[in-house]
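Think of it as A, B, C, D, E, F and G in the order they're written, each chain with its own count starting at 1.
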């Protein structure tokens, strides 16, 4: 009890302190500096309508590469920790016909929608990560409905690796063509899609990278799910 | 051309490394001897130079400029060290079978020389550490407990010094002696460095040098460390290494004398800081002397004796007069040669008999006559019997104490001499005379290298005993004034005169008569080993005193009220408390519960918050 | 007066931290961690909000001066993914712990200490 | 134009009202089974109202366009398909995790069915399905 | 946007009531049912916001949300019946 | 090649890590050798960057995507980064070789990926010029560290990883809050621009933001009492990983802390933040040394010792003076070498003799003389004996501390160092003068590695000038913020 | 009913997906159409096997007509359901009489069973608890008849006439 009381008191003080700090960053005020630059230039510089996407993939592409890496680490780490010589799903009950059939119907749609999300990343909110997560949800549903279902591991692992390499390669091509790592050579060197701003085939390498990320995230999250749902079985 | 100082400094270390790397019996001894001899040779070569102008060398290492200088004072200390170092090397050629010993013995040799030659605190500290480390390595091989004690106290001392250096650096912006000295001199009238700060610096240095010199109560490492290593090495350890502490005290005068005077003032007409040193010395002389008397182990006895004798040097420096300095400096030399000699003799005894306890010895004079002769010289010198070097230096110190109007301190010197006599007598009798235990019948004379080593140290005992003026003349030049008058054979101080030659002649005549009596007088009576004395107590198994066993037990009983307080035990209890504290802290802090750890984070946040909010 | 969004964000952070500080069940602690991360993300988003402006997607008639700051949103996307990754790691570690220790009570998971 | 907006707005109003109703059912009903009875249906219908309402309403505004309606319809269909599946999965979870029916319940054919099945499987016990316990749910 | 406040109020009340059930329980399934309802309501709310801010693009967000929420609820439900 | 190719330092580990899944069929050893090859290549590139930066005395600014800062993210390979990226790569290379023998637990392919990404994370943390990007790289480092800590899949490993995750998670959350505050106040995330604008910040925001960022980083930098995860993680992690933790992961955190600290020196409350850090750093040293004193597990003992050294570095970096920073950087270099050697040797002993308990070290001098020798060199160096590298940096740190007037800190730190001397002494005694045993054949490759590191220790100990000059330049890179700001080609958005 | 050919199933899947795409984008921009077709083809290739067994047969006009007719019928049922809910929730006495009953269905296809189950769940007072073969177990908030036949008559049969045609 004392611990709880102490915790509450301490947290209130900490909270007050944080609030005091935040008071110096008034809510709702325009404090943009670099942000405004992005808004002003995003369309002609990157071909993206969605400034967030442009920031994520273009201006702060390094963060995103890191972000992809973080997820890759998680997938790898989960795989490493839950690695057993032999693993199997040990679920006790199969999903009812309602769930299995519902899943059958939903999976293609969910996957398509995932693809929709990452391919439209430069135009709408979304992008590779939500798209990938959506695709992974499709696999999650399969796992939930069918107790014997497993993703094609080898294919998925290779996709993961290839997609990651693809991202870095796109960056390296930028280095070779434009002189900078992660340089958007499609937009800035080839000027591909400059007349299309606001339409699907624009945005430089954003759709390419988001497709890569979508595939990567989808396979990674599915891999994580697979690892977590299976248990060791003795040989 | 390679600077001579560099050769002097590095020759032992390089020789040690080579000897260690080659590790071929015979070769390593020769290389070691060469390495030990080179500094002495170069110092001899530079003898005439240094009195006129200093030899300098400086090198920049890691952004620090290390300055070395061979001037009259550093030459003196270095010469003493290398004399002992050479003797040590000869001794080790007999007693040590290990390249490990050679490496670290010679490394500590370099360390000591570096300490003496450094003209800046980085070099000083570096070599100080090297010297400490190497000597520690010599001890750790043989005894974990004693080496740990030595190590901890040394590290404490070194770090105290480091802090003092750092404070000086922060205050003066310099690390070299010349600038610091100048800055402190200037500051003694400005007072930018406060009294408290000055006192802290002084205290820290006092601790650092006190540890190395073995001043009570920082002496507790010395008996163990001196005993628990190769005894030839102890020659150097006690003869030269402990002088680094004495040198440090002198350095204190040189660098911050004015400042200390200005900041701390005087006490009963004496410089306060010097007064502290003098009393530290006096207490060391007496306390360590008493402890030496009570030892049953030959090594322990001399270990405490060393501590006691270095106390004289401190005491002398603490007098704060030029005569005091002269006496102290002379004692640096004489203690080095007689105590070094003692340790070589001890090395020889232990090497040939394998015994260390008085109770296991006796009657060795016949078996090891040359060693006995050497031991006798050492005994005479140590107990301050003319015409040995030991007498000259003690006489000077005594005179200095009287003329400095510190009768109590002088009394300590007197008392110390009496005590010293008590323990050397025991050494003389218990080891050399009396009935020989049966297992010592086959004991042979010490091997030649060891004997050479003893000779190297015995000669100066006699030489500077008979002609103490050689030393005082040098000291006069060094200290820049006619401090001790007289000629080669005669020392004149404001309060007295000592004519060594006269005494020698008288003594020779006396000895001749005694010899005649011995030859033609009554038959020598063999003293039975069971010839005990009881001081009025009944003989029992436990209370069975002889010259070889518990000889001074009545004294111990008399001092019991005092002996039950032991610095050693005090430190050990302190260490125990610290360890227990560390344990509890560790168990409590790192209790394994991640929630506790999260709380630590929360508490830090809370502190940050409070600090921000308040 | 701080805005309700800031208030909400700070509250989430504190609630999360509270769970970490008092809950004994490892899963609850991890949930606390996630709540805290959520609060931080909300805070980041709130910091970039500009009153009366719309999402920084320059379509449907929204111009550069009618959009909120795109940077915090981009940052939050990254932060969310990182949070997911951390949670995934944490869960698999928790599974491993449960397998080895047979408990998720954090007071019993302390073989390493001292 | 305005007619569309009005229709849309009414639908939205109805939809949100059903949302409210759904949540109220969550509070008022005595056990989890009956809570689901009331809340799932209302929430789904409410969504239908809100979504289609917004789609139609948007058509009646100056910024609205056909995609508004098609998209909202896609979402509505999605919810129409998935909400009952969720409800089904949840009620099954409730039953299988051992939450007892409300004390006022009159009949439990499912238990009879499971017990009959259990009897059939006596000779193959490892394949037995888990039977719900008599005790109440956790907490 | 005549009644936007009414809608929002209704949604807010609904959310609060569901919240109550989430915290109150008593069973895990109760909480989960409440969460499910909340996700449905939130989906509707997102769509309403899209209209309010006149941004069609938010509709995509609502659909993503609905999909993820569905997956999450099913996962929990299956977990509770021991189907994982 | 132009300087932009320094981006390969990020690209190479990434693309290699992504490549590993394709290599899975080739077998365990293929993956291990691949790891060695990649780290060797990385070392080569790092050496090239190092050579470039130190010969031209100009930093390499990698501009990602061609967007000039602050619009884009830049990497800043100044003197510090060039040096430490090389250290990161070189240590990783050695550890890749060590892994050949030390890692038997499956799945090796995942190990290789995590290994590469840990290296990548530290590299990125050191190189990045953007504060949020720093967060991303910090998380890359941290999450791969979480995974690697638990890699052995024992209960202890999982426990250690869990603690790391919980504490690291709290730290990174608050770090992010700090970023939010600073971004909200300045509208930029570029470090150089933050430094430029720091003086204009609202003092309260600056104080809270800076405090939170330091708090978050201090968890990674193992400052007391935020370091409780560290001993467990060090102990439980696979041996090569422990080396990496101590040699560069924690250094990256420390560097980040120092970098941000100095960037924000214009902030009003800067002085008090420094003071707070000095206190924490001093406590770190004291508590860690005391905790190591009676440690029975040698790996854990050295972990505590490592933390103590980290505290010393943090102390130096928190002094706020050029000499302090130089000394801290110098100590970073030395500590990286020494602790790499120690953990490597101790890890090897634990592998060979079945554990890192002190009992296994009895008579080690006879059983594994080469390894024992390395441990001894490491121990002696750590204690700060002349002729060994740490002596030089330790003395510099103490002098710098006293120069600023933190006598109490210097005194406490040195007192704690006495404790350090004691437990290392005991270890050495146990190794050389206790117990007995038959000579065991020591692995030649590992032997060469420890000898190489031991040689470095002694060479720097005897000839510290080169290392010191490197440290000074690297230290200046951190301390001289004006120069840093000048070097980053800010395109003048807003400012 | 046997499985349709692979091509038929694939084409059916692609067509459905592309229709959904059209609804999602509601755009006739050729770029959207091209990419949409491409994605439908790809996703279809991966998923057609689980998506359908009947393939293009599902697109028979009769089925579509019945499906369209089912929509208002079902919506009406659903609205009734909600009025029922409103009554029960708002009634101060909370008039309920719950229980689990068993029904039988004549539907054979999986999709048909799913539709029936969903329809049941969304209409007055009933939630499908489990389906086992042709047995439906239904939680009924107001049990009027607990026999299998009675329950079936009340609950499943109203929908089956439509669903039988649409899904078989």
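Please note the rule applied: contacts are C-beta pairs under 8 Å (C-beta built on N, C-alpha and C of every residue); 3 or more make two chains touch, one makes a residue touch a chain.
Bear in mind the structure is a predicted one, so any value in this text is a computation, not a measurement.
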{"item": "Chain E and chain A - chains in contact with each", "value": "C, D"}
{"item": "A-C against A-G, pair bridged by the larger set of C-beta contacts", "value": "A-C"}
{"item": "By mean Cα position, the chain sitting nearest the middle", "value": "F"}
{"item": "Chain centre separation in whole Å, for chain E relative to chain D (CA means)", "value": "12"}
{"item": "Inter-centroid spacing, chain G versus chain D (mean Cα positions, whole Å)", "value": "14"}
{"item": "Inter-chain centre distance, chain A versus chain F - centres from mean C-alpha coordinates, in Å", "value": "30"}
{"item": "Interface hub residues of chain D, defined as touching at least two other chains", "value": "24, 36, 40, 44, 63, 65, 67, 71, 74, 78, 81-85, 87-89, 92, 96, 130"}
{"item": "Junction residues of chain F, two or more chains touched", "value": "132, 136, 139, 143, 146-147, 150, 153, 158, 162-163, 166, 170, 177, 180-181, 184, 187, 189, 204, 207-208, 212, 231-232, 291, 295"}
{"item": "Chain A residues counted as touching two or more neighbouring chains", "value": "7, 11, 14, 17-18, 20-23, 25, 31-32, 34-36, 38, 60, 63, 66-67, 70, 73-74, 77-78, 81, 92-93, 95-96, 98-99, 102, 105, 109, 113, 116, 123-125"}
{"item": "Contact footprint of chain A on chain F as seen in their complex", "value": "2, 4-5, 7, 10-11, 14-15, 17-22, 24, 62-67, 70-73, 75, 106-107, 110-111, 113-114, 117, 120, 124, 128, 130, 132-133, 136-137, 139-140, 143-144, 146-147, 150-151, 153, 158, 177, 180-181, 184-190, 202, 204-205, 207-209, 212, 493-495"}
{"item": "Chain B partner contacts - residues on chain C that touch it in the complex", "value": "17, 20-22, 24, 29, 106-107, 109-114"}
{"item": "Touch list for chain E against partner chain D, complex", "value": "2-3, 6-7, 10-11, 13-18, 20-21, 25-30, 32-34, 36-37, 40-41, 43-44, 47-48, 50-51, 54, 56, 59-60, 62-63, 66-67, 70, 73-74, 76-82"}
{"item": "Touching residues on chain E, where the partner in the complex is chain A", "value": "57-58, 60-61, 63-64, 67-68, 70-71, 74-75, 78, 81-84"}
{"item": "In the complex with chain B, residue positions of chain A that touch it", "value": "7, 10-11, 13-14, 16-18, 20-21"}
